[in-house]
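In what follows, subunit A forms one complex with subunit B and a second complex with subunit C.
Moving on to the complex of A and B:
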């Protein structure tokens, strides 16, 4: 890749006791690029996001982001620098409205005052199709709305890197299509994306490149079509695409 | 971009309530002219309990810091006032402010130690800290050691010349402190800090990944609460004109009754501690002559409320009717938003 990478992970290892969950993973992401991550349940995909976002500390390895070593930074500091994520299991602030959820992202992730954050939040709600529900309590949402809220809250922090963890999981085909549209729009604004997903056609509609994880190891990486045709993926994914909404 | 967007904070009910509150407040401020000394003292004490309960509610109900050791700051504030007035000639009313500053300074190094403990361990830790305060002040012989001390007469007359003037002045101090505490908490919960507290309460992991500094948020709440609790403590012992370690660091008076008030009224609401304090004072004034039976009745009331209305009296009322006197919500006014 010609340009300086936005994200560069090298030799990343995570152990939980004797369990090796992330096994010497290295990957790079160019500015504006979208990378898909495939892998069976328990492969260590969410853990990789936890490591990149700073939610958990690695046992070894380094994480460079936007030219700086962020390996020892806390999650909130990485967010301030432009890394935002959605959670596989949505974590809405259930006692707040949708607007207040998004405002929290803009106010703290970007350090904006409420006034300054206001227009940005409305813009994010419009882009993510949540404006009609702006005043609804986050505890009263449908699954699709909760997934959209995860996306909206992350976008409100104005990230340069967006980590999406099985955000299309459990949605109907129509819901999935509309979400793909929203994510493509986000991409078009120049945000880099890493997207973990079992719903392969959703990934194929968005990403430039695909990585496959299995037992914490990177076992394949490259052009999405080539990856889908590779024997590694075929062996892991036999049958998985049928229940594409499976949770990990 | 949406140009016409407005964010609404109040409700119709809250605006009407706000106007009524101003009338009530004017009446309370004029109390020295329409009621006697005994009632004035009772009201003054009531305001200090509204303040203590509101502060504990902020700590436990909003910041998730369930302390049973806030008597550490009540007593500390009281002792700071006595020491400042007796040894440094600080005017007692100014010493109330000083107690707040010193209370914050002592809370600052305590917080990181206590925050290592979680849940029940945090609660026990705060209690142990308060006991350390009590035992330490019992060693200070210039402040009367274990038996305590009275404020010298010259300092008492220094507050105001006559007893009536003193009662009035202390009454207004209590009103200002009670009102100021509720107002401060309301403003805080409506601000960015309130947003952070609500977020942390719902999901620490999501809060952290959205840029919220959980430690600093809780630290700020703990220290601010300690500062104002110290001021209230200073005023309480200025009202009493006498202080002793057992009275100053009483877990019964400054924590057990306060938790009773908050739980009865409704934890996690601004109105709850006020409603709870009214109920507590009504019970106390009508039943206190019964002695031990009074405590049994308090316990029974607490159990009944917890079983029948676990959100507390105000919490249950508000949940059923949707009425909120101190609204925190932000309502988006937008053509597409309902």
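Moving on to the complex of A and C:
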């Protein structure tokens, strides 16, 4: 593990009135590392992503990224520094084609010239298996294609940290396997990943380490197999694992 | 024959209404902002053209080369300083602020230029016409207005579909929050949209100034014509806006055939009829 972490979150707190959604969460991520985040619905997983991506401001705590304090930076500034995210419910720009969606990420996410953005866009579409549907309207896609588009648009901004929010949710087993393959390829290019997922076997196929959140707090962290075997996690996940058909 | 002539004049007049409407449509499309001061900004650019013409002695169409960038800059600053802070979940604040702006512009113009009506002399083009046979002729000035409207719409379509600025407009219009995550600065994108709208306003203002008399109070009616053209055409469709302008222009020209007093009224009646029959306009693209 490298000595300087890519991401270092410490003492992160988010309150909505009396509701404590993120309760003193700290975590670090080394360059190139993949971290999985587990937790029941309402555990504050997506809020944690909102805090890291900059769409929500924390009530307390700091976020260091690539050696700099980004706690007060706007979302678009964090994007330009290399943080990208996908959404649990895909949010493509529905009036645009797949190509235009990805081109938008490439052109503005890193301030590339039109030409460089087009090259980047083609590359990303090839890697995410969308190149043949490049001219389809984003509003007309299947769920898997929308999920791939989420991934492609995030990758177009050339992130060093990719935040994936339940990207495998709702997919068939075959679709899930194909997406896992793509995400592994992304990882192989050196992109660090934090992945929130209920589909546990998908997580286990990719991540090095696992963190468990419950009621906004980090309750466990460590080796994925050990985490899955821990009684604390098993009690939370018993129902979910049956539901998700996971066999990790 | 008179009816045919009225039809032709109406179609050409529709070009001017489309110019009034295109900037309005653009702003609404990108940021859901209804700019009540739109008509007054058209009149403001007519006065700006007047000042430039008086100071330099240039032909109004040449003066437009100065008025267009000046208005674009004004639009950019206006959006950054005044309008961006009003945009949010509440539709009422931008409405009220632009309404206030409308009153301020009218009164500032009144103080500066008095209520006297003005007009810009454009020389021989004002009366020149092309005979098209059958005793019909087309005025060069109305033709120039119509062609300018078509050119503006072709240019806007190009910007929207082919340029990175256009993608920024569409992405921000679709989902401003996600667009921020793609590295887009919403405040800048909105200001660029207002700058573009103000550039079109400037073109409309110069044509208004050479076609007809104007005074500080003429803005609101231009706003209404613009609104009617946008709504007849259908929200979100630029070519629809041109069609809306043409429908309005033709209705007015035919109304004037019946009785000169019916000109404006006929336009409003056709507008209401279309609202009743097709509430989303002729070529809607936006919900």
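One rule holds for everything that comes next: the second predicted complex is superposed on the first by the 242 of 248 C-alpha atoms of A that agree within 3 Å, B and C clash if a C-alpha of one lies under 4 Å from a C-alpha of the other, contacts with A are read in each partner's own complex, and residues count from 1 in each chain.
As a working rule, contacts are C-beta pairs under 8 Å (C-beta built on N, C-alpha and C of every residue); 3 or more make two chains touch, one makes a residue touch a chain.
What you see is a predicted model, and the numbers here were worked out from it, not measured in a lab.
Q: So, on subunit A, is it clash or fit between subunit B and subunit C?
A: Once subunit A is superposed (C-alpha atoms), there is a clash between subunit B and subunit C.
Q: Just to be sure I read the superposition right, which of the two partners does A:122 touch: subunit B = first, subunit C = second, or both, or neither?
A: Only subunit B; A:122 stays clear of subunit C.
Q: Looking at subunit A, does subunit C or subunit B touch more of its residues?
A: The partner making contact with more of subunit A's residues is B.
Q: So, does A:53 touch the first partner subunit B, the second partner subunit C, both, or neither?
A: Both partners.
Q: Applying the touch criterion given at the start, work out whether A:97 contacts subunit B, subunit C, both or neither, answering first, second, both or neither.
A: A:97: touches subunit B, not subunit C.
Q: Once chain A of both complexes is superposed, is A:108 in touch with subunit B (first), subunit C (second), both, or neither?
A: both
Q: Once chain A of both complexes is superposed, is A:131 in touch with subunit B (first), subunit C (second), both, or neither?
A: So A:131 only meets subunit B here.
Q: Of the partners subunit B and subunit C, which touch A:140 in the superposed model: first, second, both, neither?
A: neither
Q: By the touch definition above, which subunit A residues appear in both interfaces, subunit B in one complex and subunit C in the other?
A: Touching subunit B in the first complex and subunit C in the second, residues 53, 55, 74-76, 79-80, 84-85, 87, 91, 93-96, 100, 103-105, 107-111, 114, 153, 157 of subunit A appear in both lists.
Q: Enumerate the contact residues on subunit B facing subunit A in the complex.
A: Spelled out, the residues of subunit B in touch with subunit A are 1-2, 5, 7, 192, 195-196, 198-199, 201-203, 205-213, 329-332, 334, 336-338.
Q: Show me the residue ranges of subunit A that touch subunit C in the complex, using the header's touch definition.
A: Touching subunit C from subunit A are residues 53, 55, 74-76, 79-80, 84-85, 87, 91, 93-96, 100, 103-105, 107-111, 114, 117, 153, 157.
Q: Could you pull out which subunit A residues touch subunit B in their complex?
A: Listed in rising order, the residues are 53-55, 74-76, 79-80, 84-85, 87, 91-97, 99-100, 103-105, 107-111, 113-114, 118-119, 122-123, 126, 131-136, 153, 157.
Q: Write out the stretch or stretches of subunit C touching subunit A in their complex.
A: Of all residues in subunit C, those touching subunit A are 164, 167-168, 170-171, 174-175, 177-185.
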